[in-house]
Structures are given as C-alpha cells and as structure tokens.
C-alpha cells in the first residue's frame, strides 16, 4: 500500500513519516506540501538524508508533491494541515475512493458546525463530508470507525492531543462501571490541568519556543480559551450521556515530547469540608476505595492495546511513554477520598497525533490495530 | 553583622550563602554542617573556589564549623536542615539572644503540634519555642514578625515553597476585598496544581533526579499526601477566617528553578452547567468581571515589594522570576466566568526558600525589607 | 531465534531490549541480571509495563534470570556488563555453540592483553577466547566478522562509543584513497575532541549526573586518561598501517543521547604559519580542495549502510542521528586548508553501543545487516 | 552616575541592564533602541515588570529612547549593537566627553582596518576613533585601558566571548614565564575547540534555536570561518610577540549560558610518536610536569580578580561560573606529556560580554575593578 501525507513538512507530518517508514503494511510514502512543493524533504529534514541506505526506501525521490498529485497515487491519505485548509483534499480523496485521516480540528465535531465555527472562526465548505466522518478516538469509537470504513471510503477526525489524554483519564468514571458508584458528584465541575512539551507548538518559530526563553521555564497559555476545550467537552458528554462542566488549562513545559494531564473528578456521596486537615494514609477506607477504583480502571481498559493502568505506587510520567502510542493512567485520591485525581500521560506526537492517526488507519484498512505501533517506550 | 547558616551544604543553605554574600548588611558568613564539619565549603561547592578574589570575602576560612560554634559567632542564625533536627539550635540561638530563621517545617504550625506530628511523624522537643515563633509569610504576618522580633530574639518558621506560591495566589480572594463579591463559592474545594523544578528535591542523589531519566519528563508525586498540604490549608484558613477544603497535587518538571502553581477557585453566584460549550471571549460581562478581579488583585498587592500582579495578556511563568524574590500572579477566568484560575510563579530557591528567609531576616533585624533582594529577574 | 541479554538492567541492556523488541528475526528475548535476578524487568523499567499489550510479547515472564539459565535458552547472547566480568559467560556461550556479542572492553584488544591490563587494571581469565574473537567495527572488519562466525560460534568485541565516532571520522583519510594525497602530515598528532550525552555514563547515580548540577553545564573529564584512548589508537593504526599519535579529550554535555566528535587531522604538504590571518572563503583552491575531500569521503562510504557523508553546508549534529544507527560525517578545512576538521555524530546508545551490537549480530547470524536498524532518525 | 545602554533590547543589552541594576556606582540607567524606540522595556522583557517595587528604580520611565537622546543624558555609554552600526554613537559620546564601551567587533582590531574589512565585509566610517580606543581584555591591557581613560574619553572594544575564553587559556604559556620552558613547540598549530550556550546566538529567532530542534543536540557551525578567529589570532600574537597559527572550531550546545573552550598547545622538546599507547598516570615525570605547569598558571593569575586556576582533580565546567565574571581554567597533559590541554570556562553573557564590559567601565571610571561583579557563581 502507498500512504500519502499532505503537510509532510510540519512536525506531525514528519512524525507520520517516521512511523509509516517502519509500518509493515506500507510499502511506499508520498509526501506533499503546499508551501514547499518541488523541494526535497531532506532539505527541510536533513535527518532524513540518505535514509534509504538502510534499505527501507519508502520515500522514493523524496520530492514534495502537490496534494492533488499525491491523492492520485495514494491508497490512504493523511492530512496534517492547519484547521480549515484540508476539506478539499478530504473530498478529493473520497471521490477517488480513498479514505482520509485528518489531523486538524475539521472533523472532530461530527455535524455540529456551530461549535466549530464559534471556536475556529470558520465555516465548512463541504459540510456533507461529515456524514462519512467519525471522531477517531478508537477507545470510544472503534466499532464506528470500522463500520464506516467497511461501508466505503471514510474520513477520520483524529483527536487533539489534550483531548486524548484528558478523555481517556475520565472514561471509566464517566462511561464505565464507575458511572454509578463512586460516580461523579452531581453538578460538579471537572478540572483538567495539563502540561505539554514544545513539539506541540509545531515547527513554526515563535518567541515562546526560542531556546533561551523556553528552556527552564513553565507557563500557562490560552487559559480558559483553548480550542481543545469544546472537543473535550463533547467527548466527555458522549462518554457520560450528559453535559459535564469542564475547566481546562494548558501549560507549556521545557521538554520536547509528552503531555501530562491531571484531571480532578469530585466523587458523589462524599463530604469535603474537613478534607485537608487529615494526615495522609488516613482511614483504611480511603485506601480500599482507591484500590477498588484502580481495579475498575484496569478492568475497563484491560483489552485496550494502548492504555495502561499503572499499579499502585507508580504515577504516570511522560518519560515512560516516550515515542510509544501508550496512554499511561494512574489513579489517586485526595486525603479525604472525595476527589479522584487521574494522571494521564501520552507522547503528544504519537498517541496525541501521528501514532493515533496510524492506529486509525489500521482500523480503517483492516490491519492489526497495533501494526507499526509496537515500539517499546524508552526512558530517554 | 555576622550571619550563620547551619546546613550550608544543602541547596537551600548554598542559596542562602549566595544571597547573603551580596547582602549589604551582612559582613561575614559562618557556615556549619553536621555531616561535613571540618571540610572546606569549596570541596562541596567548587563554584565557590577563590570567590574572595572579587573582594567580597565573607566566608573567611570557609571551613564548615559545628552548629554550636556557629551559634556562638553569629548575630542571626539560619537553619536549613531536615524537619525535626534543628530545634536545639533554635533554642541555643534564642538562649544566646539571637534570632533564628528556620527553613524546615518545624515552626510552620504555630502551637499545633498534633498536625505537625500527624504529617511529619515526629514530636517536638521544645514545644515552648513556639511562643517565640511566627510563620514567616511576610505578606500575611509582616506586622507580627516585626513585633515579635522587637520584643526579643525570635524564631521565624520560613514557609514551604508550594505554600508560598499557592497562598499568595489565593489571598486577595480569601482575605481581601474580594471576600464578599465575587467570593469563593460556599462549600467549594480549592484545587491547587503545581509543578516544581528539580532543585526543590535538594542535593541528595535519587533516581527521579538522575539526568537521563529526569530530563524531558514530567510526573506527579505524593498525590494527595504531600506534607505541604496541611501548611497550605492552615494558611488559607488564616486568610479566610474559616476552613477551606483543599486538594493539592505537586509535580516534578525537567527544569532547575521555579514553581508554577495553578489554583482553581470556584466563584459564588455562578452556575457552571453550560460552561464549556461556550466559545471564548464570551459575553462582555466575563471580560469585565476579569478586569475587575485583576484590578482588585493589583490593588491588594500594590505595596507588596515582591508580589507582581501581571497585566492583561501575560501569564505568569517561572522563567520571568528566575533568581528573584518576586512572586508573579496572573488571573484568568474559565469560559463561563465561574471559576477563577490564578497562575502563581516563584523561584522555589528564592521566594520559595532562601530569598524569603532573607526577607524575614530583614524584617527581624529592621533592615530595609528588600535589602539584598533587589536583583532584576533574568530571562535565562 | 531467541536472544539473551546479560546485564539487561543497565542502559545498554535496556536499549538492546528496545531494539531487539522490534527486530524481525528475534522472536523472544531472555533477560538476565546478576544483581536483580528474580525481579521483574518492569520493576526496574516501568516504561516496559504491559508492553505486551501491543502484541509484541518477546519478554515472556519478564523475570530476570541468571546468566547461566539465559545461556541455556538463547541462540545468541549479548553481554552488557562492566569490563572484566563477562568472560566466563562468553566461554559458556561458545561452549554451548552460541555466539557472544560483548559490549564491554574485554574483547576490543585482540590478543594484546598487555594494553588491556595497563588501562583496565585486570588480567584475562580465558585469554584463548581471543582466538575466536573479533573487534566489531563492521566498517573495518565486516569480512572478518562474517568469516569468523561462519567458522563456528564467535565472540564480537563491540567497540566503545567514542572509538566508533572518532575512528569512522578518520578512516577515509588514514586507510582509504586519501592515504596518499592529501595525506596526514608526517609526524603529526591527531586531536580528537568529543562531547557525549549523559546516558553514556549509565544508570548508576552520581553527582555529575544529578539533574540540577548536570543541567546546563558542560565539562571535560578524564582528560588525557580516558580508557577509550588505546582503543582508538589501535583502530587508527589498523586503518593506517602505522602508529598514529593521538590526543583524545572527552566532555560531558547536558543532553541524553549522542556523541559529537571533532577530529583535527593536519594535512601533508601544507604550511600553516600564516594560517589564521586569512579571511574565510580564501582562495578558490581551498574550496576546491575541500570539495575533493568530501567527494572522496562520500565515495569511500558509499556502500556503508550506516555512514552518511553530509553534503556541503550541513555540519554533523547529534540531533539528526537520534535513535538511529547512523554515523553522520561532515568534513571541513581551516582557513588555510592545512588542517582537515571532521565532525562525526552518532547516537551513543545506538551506533555507539546497542545498535552496533545488533549490526554485529546481523553479520554473525547472516541476517540483513540493517535488520531491526532501519528506523528513520528523528529531530526530537 | 548615569549609564546608557544603546541596544538594550538584545540579550547583551538586557544582561548589562541586569548587572548595572545592582552596580553600586550607577544610580540610573538610560535605555535606547533603534528598532523599539518609544516602547517600554517591559514590553520586550516582561521579567522587568514593576522591578522598581524592590526599591532599586534605575530605569525611571523605562521607555526606550533614541541613541542621540541617551548620549545626552549619560556619563558612560555602552553600545550593544551589531558590527558596523555603532561608530557614530561612539563618536558622539567622545564628542560629548563621555567614554564608550563597545560590545561589537568594531573596536577589536586597533587600527588594522584591513583585517576587520576582510572578515566583516565593512569599512570604517571614523577610522580616527581607533586612536582613542583599546582592546578591552583587562588581563592583557589593564594598564592601557586606565591610561587611555585618564587622558580623556575613550572607546573600549570589548572582546568577543570565544576570544576571552581561548586567550586567557593560552596567556601564561604564550606570554608568561612558561614562554621559555615548557614553551609552545616551534611551528605548531594551536587548536581551540569550544562549545557555547544558545544565548550566544542572541534574541533573534532562528531554526537552530527553535527549542524542539535545539534541545538535546550539539553541532559545530562556521567551521574554519568564524569571525572570532582573527580576533583570537591577534590576541595570541600580542601575548607571544609572534604569529601563532590557530585553528578554531565553535560548537552550539543545548544550554543557555556558558562557553567551554578546550585548547591544545603542543609543547616544545617532546616527542609524540609513541604517545597514546601508554597507560594513564604514566611515569612520574608527567605528573610532576603537570604540577609545575599548574603552579605557573596559578602564579600568573594570582592577582587577577576574575581568573581562577583550579586545583588538581577539578576540570573547568560552565556550570561553576554561571552568572559570574569568573574565567575558570584547568590544565591537563595528554598521556605522553607532550600536549598541554587547557579547559577554560566562562559565562558567555558575563565575562564573555556584559560582565567584562562592566569590568572595563570600572577601569575607565576608576571604580573598584570588581564593583558590581562580586556575585558568587551558583551551581544552578
């Protein structure tokens, strides 16, 4: 099979190339770029220079094509483009009978154009494409992705990086057996606080990413206004069956890969007034309660190939999912046992972008879901 | 004046040395170490080698003395020691008529030994010392620190790093003119989510601080059980006059200096149900509400020499308070205007430890409060 | 095939596990540890937790075995152990008819025990093993490695990280067509100046690797006394056919992966007296001379799968070989054209250790030389 | 006194502001910028926001003025501008009777316009200014700087960062008592290999300084063509009294502050042929020789306030001079005792730029040479 990547010069596109280069079902890669067409990919990424020496020559000429020419040659197309610029390529792919995996926000809102328009300031050119599209969080929509693709060429809206980490942290509580007890306290707000590595900001130069000013500093950005907020809200609502108030705060940290999300979920049936005055460990009941929740989380994700619920004593860390498609989850309780605290770690470039897109391709194409994604995460 | 530092080989002790070296009122420094006595400080910190070349020779021989000998020679004593090990030195200092600034947790709980014992697993050897001690958060207790010191030699319990960042983020809302409107929603829990640089873990080697495994990774630790929790709770209660439920989660990030705390404060009189579905910017009322809150915060801290309330459009970042005693605060609202989000940044080694200790010394000794702490923060 | 890794808990062992996990010819991995036997590998490396979820379960139980039990079960054995501790395992492997790839210095000196003893302070227990051993720098010894392995089970002494980077930088000049003109100036000393990332120091904790003191600092170590010096000298002598005086200085830099070696090679037939007074670019002859040298380097390494001679305008950088088995080489001249300056970059954990060991296994076992090593290097 | 900084928005300018802010003789600072005039400095550097809260208000309005207006108000003027842009300001300052400290290359070549023009591609507008200028390496030219300034307003050409580190490494051998024995081997080339932190590249955005691509990578740049080469050559010639062939290779490393230079100096009267085959430690004669050289270095720099010759067993590291004006030097020999290897570490922003400029101001103005530069270097 031939895979095409439109937007191959951005970081997500380059990460797609890295993963697909080692994918057993992909025998050649076609790369396209709107702004760099005609150039060699090795001019943009000298790390790819003479990579074919190792024998895995999937790039061929390595010259960046136009999207149109790419679509003609590909059996599956990935769009790694800014929001609002890829719809025509999705349409062209479908018209040619080829599925399209979109890494922008364009296909993350099903048919709800109003929310998209409100947050992204754009309208859709081909709204009808959404009838052939699905939100590509496999843990939530695996069956729908497969069914849609079985019915013909499909568009998959690959989730955002933060929504992936935050949603997977909440799913067992909101949509699984914990829905009833211990459930989310009625009327409560979910707080999602997350920190991302700098690759999340992409390849474009910017003052906050200038090494001397970025190195060694951590800061929040777009507090209360980040565009991933409505995407997370939608996903939590689908999981729980009802609207869930959400506050989401993203941060930028001085590292390259990874997102760590800390999600605060108030539990029903608990009082909090005296909370923090208690010493740690507290009554045995809290320890038992936490063990129970951990068991339920582990059981919920037992068959998920890429979600790992960590055992007691280990907290999720971005350094332990590096370059893998894993989402690591650890569960914790505050001192009174009234707030569930879930730590969720992904590699923002893999499970948060290119890896999840390949997982979606695997589902769409009927490959093993883990094909090309078996890499062991490395500590450094 | 001669200042003595017991525990000079730890990171807080070395940072105290660095600041006091440039302090206009301190003419000599005596250093002590229990485990390294008799050694030269330059053996532990080769960066101090021949520092006297510049003319500022405050170390003298630079040989680490015993605490007992140090106390005999000092006009003010700093204890930068593990919890539970410095009481005798505090007592000896007071007996000699010299004030003692303690950087451990031993004097952060006033006379409430029960809470200390529950969280630190130790009891007090000289509980009566607390009658001469004060919690050294100058923004809260400036007057008491001065009054106590005026009455005789005193002990100052220098606050923990996280409590400093979190408490200053909450004070204008809990204890200032915002107490009434917009006030904290009744019954609500304050969530404090913070990330610290690695110097916070100190000089002792440990796997999480081994460069290859620490670099590039962020993780939570001691979730729901960190010892700074009761200290923050106490301080918030003092500020608000009533108990405030608190959930506190510390994280470790791959950088050296700084703490960024993100504090979530639910506001009274607001509903949150429809919250996150709204686009950013929202109705003008939210913008107005935030501007009002920012004004109140700025007015509240107007005369504080080390608290800066940032203008609109700038979010607090650890990189902008580096090596200064500043606490930078930025205020934000979620999309519905129902949760106040405060970002608070300090240098954990300065305002979070040694700098605040020097600020306390200045208050105790009647120096200008900012003496030795005027350094301009640097971006890198 | 089953591969066994003795010393699986060290960084080189863990990197071997990461690479072999994705190797198409290796179907199971047996791990052994002298100090951690009986423990689970996931206790040491939590990043390996539930890695079998992706379907690539090569670890089996993941319990660390004894070396003896490992040797009984393996078709190829890797020793990732300190110098002087693995000979008995090499012997046991050979006795069982299984080849042994050694990542220590024990088999890097052919039969020259005197040099080994002088630098490592140890003698050999089984000197006769050297008759079945070969120095595993494939670019130099590919044929011998294959021949030896064809004749029976063999021991491969995997090169050190610095020697790999430095030797490959010199080979075309010392041993290739440049040997005659422009040749190394007679009597001249080769200066090799290199900087390594911190993973090169291994998993053991140490003050120079404590994040707060390591981060942001670069320093030299073991100047004039590093044990890789005689290994480099031997290899350069093999390449050139005559002794080559060498000065080697290693440095430690604040990054995880990579070695950048800068090698200074004085050229014959050039005067240097007026050298540095000339402006850059200089006479066209220097540019021509450099282009010629670059062509010769490129031709020399044309068929080497893992050596890339970079085109004009790009200087070798560790960030562009990250996680790949590539050695990137760029050639430069000083302003007078009298000193050839070669920059050579490898990932110290891959081409400098585990990757090269797998390359050697591929040669020994008759696999494609690049099997398991085709990964595209990534920029971050 | 009032100090003026033209080019206050660049990193060198901002570092000057940071140091002068704490300088006891400077009571106000005037800032100018050609491209940002009329803006507030806090818009460019939000870390300076409300810095006057600490009582050290030297910025006044903090509005960036024009250079002309600045010169009218200043008692000493610093130019932190690109090469070829500051001559007119130097002239205007002198015309007003005020000395000018230039941080560009414009005044580093005495009256040798040809070399400047060849390397910088520009000619001088006011060549006659060189008659009132001096190269500002205090260790070499302290007397001349003082004498020139005593005779009237002067221009000081502040040295480049690399030249400072490299020249100070060589001075005792080339110009001191070691000149005779052990002297530099006749006809030999000095190799200077250096790595700089990223602040050396300044505030302007650039791909090599984009965090994701800069972080974790080290590379060489401008090999054989860096403009600091002729400056180093000139200085070494002044030190030794004769031309000294030099090869200089700069590298970029993933850290913010610091330069580590490794300088290789072949010694006279030694053969090198058998060099690297010898084990470390070698004959006692080498140890003795090194001890002698270290003593001579230490004696040579004994009275220099900012040069520290490190004792045996400690190698110079950038992390130990951080934020100080120190240059740390450690001396080493290769295994045969024939090449002297000197490691030289400075903070590129301090001794390599702003700190040395302040040291020059102190000399020019007759202040204590160390005024404002006494800060203790810190480990992190």
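Per-chain numbering from 1; labels A, B, C and D assigned in written order.
Everything below uses one rule, namely that a residue touches a chain if its C-beta (ideal position, glycine included) is under 8 Å from a C-beta of that chain, and two chains touch if they have at least 3 such contacts.
Note that the coordinates shown come from a computational prediction; the quantities given were computed from them, not determined experimentally.
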Using each chain's Cα centroid, which is most distant from the centroid of chain D? A
Of B-C and C-D, the pair joined by more C-beta contact pairs is C-D
Averaging C-alpha coordinates per chain, one finds the centres of chain C and chain D separated by a number of Å equal to 37
Centre-of-Cα separation between chain C and chain B, whole angstrom: 47
Where chain C touches two or more other chains at once, by residue number: 11, 199, 212, 214-216, 254-257, 319-320, 322, 379-380
Once bound in the complex, which stretches of chain D touch chain A? 11, 198-199, 203, 205-207, 209-212, 214-216, 254-256
What residues on chain C touch chain A, complex-wise? 11, 14-15, 17-18, 21-22, 45-51, 53-56, 199, 216, 256-257, 304-306, 308, 310-311, 314, 319-323, 325-326, 328, 368, 370, 373-380
Which part of chain C faces chain D closely enough to touch in the complex? 115, 118-119, 187, 189, 191, 193, 195, 197, 212-221, 223-225, 229-230, 232-233, 243, 245-249, 251, 253-258, 260, 262, 264, 266, 272-281, 315-320, 322, 330, 332-336, 338-339, 341, 343, 345, 379-380
